[in-house]
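By letter and in written order, the chains are A, B and C; residue numbering begins at 1 in each of them.
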Amino acid sequence: MAKKQIMPLWFYRLASPKYCYQITATLLPYFAAITLALLSIGIVWALLFAPQDYQQGNSFRIIYIHVPSALLAQSIYLTMALSGAIGIIWKMKIADMVAYACAPIGASMAFVALITGAIWGKPTWGSWWVWDARLTSMLILLFLYFGVMALYSAMGNSASAARAAAILSLVGLVNIPIIKYSVDWWNTLHQPATFTLTEKPAMPVEMWLPLLVMVLGFYFFFATAMLLRLRNEILLREKRTSWVKQLVSEL
Amino acid sequence: MAALLLKVNELFCERDERILFENLNFDLHAGKILHVKGKNGSGKTSLLRILCGLYQEYEGQIDFLEENVQEVRDLYNQSLLFIGHHVSVKQALTPRENLNWYAKIHPQLDASLIESALSSVGLQNYEDVLCQNLSAGQKRRVNLARLFMFAKERFTNSLWILDEPFTAIDVDGVEKLERRILYYIENGGSVILTTHQPLQIGAVVEQLNLDDWGT
Amino acid sequence: MLLNQGIYSGNRDGFEVVHMIRAFWAELNRDLLLAFRRRGDLLNPLLFFVMVVVLFPLGVSPAADFLAQLAPGVLWVCALLAALLSLDNLFKSDYEDGTLEQLVLSSESNYMTAMAKAIAHWLTTGLLLALMAPLLALMLFLPTEAIPVLVISLLLGTPTLSLIGAIAAALTVGLKKGGVLISLLVIPLYIPVLIFGASAVQNATLGLPVAAHFAILGAMLIMSLVLAPFAIAASLRMSVSS
């Protein structure tokens, strides 16, 4: 299709599934190695060397999982919605596949954030679930993910499913700040301010540095997992093309 | 020389992992009828829906009056009349109400022609009967009455896309429809249609057989 | 250059605006007429609203002070569910009889016609639910001074529900098992409206000000009125295309 070139060339080259498959093959080992390194350093540092919290003792260490997964859950939703939008605007199949690859990873991050929040809640609040603003927002984010995934599973992985999921995730993206604001507002109304998992007044460097490592590690983990799913999806959707057939015959 | 109404370039469409057609090229000039042929499942309906803009999953380019149809969508929509497989008639409304709605959402249809259009399809005295009380053939005629409402001053460079328009219509009705189509193209319109019945209006009809383009 | 010789040469933009407004009224008019012809169906969401509200005294407790405390939330949740369940039919019959694809062919954007459908949906469900709510409020012992606030909050909130819900209805209209799916897609998006609607009524029972709640509900209404039709129209184009 003759379209005006308004984006850099690499953007258009990425649109080719074959090129995308090849370039991700070179990227993937690096991403995996960085993920492994960051996560192992981060976990050892966080669990063994970071100081205890003077109020919560060791139970605070769960933030090294909770915070990165909560951050990821939000970032992945943004990634999913934006690549869905790119898929609609430029009719770019790869962007559709990226959005498709993101959904379950994002949902599992939201789930991990909720579970770790609940585990942390038991020693801190004395119950597994508290209607805390952050946890409630995370729960609703998980519902938004479920909606997108349900739409995918109802419509298969056709082009119209991609378009439908993209519309829904964009609508969700517009709504997330509104949901977040109204849940925060609702929370202050119904609950006295308790101390929350993440809002620490001035966390010392020895505490937040390992957290930073973990957050970076989680981002690279997402990139790795997403690329794996994306490559799978490329092969599935392009299975009738000659280059995939050749790839299979070489096995 | 009549205007080049539609130019279809390198059209490719697959459905359910089956290629319906690829590298499909054809031109349609004003004042012509294009008869799309092919076996069941050869992609006739898909092609017609692509040409209407109702089906988006295709590759290739469609030009309307030498402009990409994507960029002149509003003008194209208002030069188009599409009759598909559906009844396209609301059961709980009367023929008059149905056609009145059509005239308002499609400015190429003229509301003042509703009466005459309904009598042209043999539905005089049925104007105000709810469509749910009409027979299947009569409902089909209500839908086809839109052909008789198309404003004459807009015939030039306009297009009718008719998917099996003669289904469930009796011999007299078919003849009337063919006369209307003939009148339409003689006054500058063009038609793309599919039908399994032999067309009486032979002379101006071009053929496109999808069986030659698929795999 | 060929295009300029057409019938619409000259003031095309003006023509488009007139056409869109005409199509808006035609669609609204048709949907309301259809609703009137099948006016028995209008009762269904209302009956649902009543019946679900009745479940609460039966399922929880009929004690007046307890119900009064519960009433703002229960009334809002039930109204929301009633509006939600009526979404399934919003585009279904148009999709099945083919008038939806003819509507999609009426203009490129379909912004106004999408809005017309959502407004028609609100006029035939949300509006009626809001008018019905005082009766149920009495059954749940909601203090009478809170009843006007309940009605106004529903009048401001339910159009947003119709507009957002229409997006989900448009996305799922081509699917056979659309019903439950719509709820999954839409409930998370309904939460802000529920929070502000229910807490407006809550505030009214406590004699607290509600103006801020109304302002926020109004803001959400305006925002969804402006933005939702884009998403509805895009979803409808997607649905008729598959």
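Brief remarks on what is shown
By our rule, a residue touches a chain if its C-beta (ideal position, glycine included) is under 8 Å from a C-beta of that chain, and two chains touch if they have at least 3 such contacts.
What you see is a predicted model; the values in this text were computed from it and never measured.
Contacts between chains leave no pair untouched here, as each chain touches all the others.
Comparing per-chain C-alpha centres with the mean over every protein C-alpha atom, the closest match is chain C. No other two chains have as many C-beta pairs in contact as B-C.
Separating the CA-averaged centres of subunit A and subunit C is a span of 32 Å.
Chain centres here are Cα averages; for subunit A and subunit B they lie 47 Å apart. Separation between the centroids of subunit B and subunit C, computed from CA atoms only, is 35 Å. Shown for subunit B are the residues in touch with two or more other chains, namely 56-57. Residues of subunit A in contact with two or more other chains: 158, 160.
Residue positions of subunit C with contacts to 2 or more other chains are 238, 241-242. Across the complex, subunit B is touched by residues 1-2, 158-160, 240 of subunit A. Across the interface of their complex, subunit A is touched by residues 164, 167-168, 171-172, 175, 177, 181, 184-185, 187-189, 191-192, 195-196, 199, 220, 227, 231, 234-235, 238-239, 241-242 of subunit C.
Residues 2-3, 6-8, 12, 15-16, 19, 22-23, 25-27, 29-30, 33-34, 37-38, 96-99, 101-108, 113, 237-238, 240-242 of subunit C are the ones touching subunit B in the complex.
Taken in their complex, subunit B has these residues touching subunit A: 17, 56-57, 59, 61.
The touching residues of subunit B, when paired with subunit C in their complex, are 3, 52-57, 65-67, 72-75, 77-80, 82, 84-93, 97, 100-102, 104-107, 130, 153-154, 156-157.
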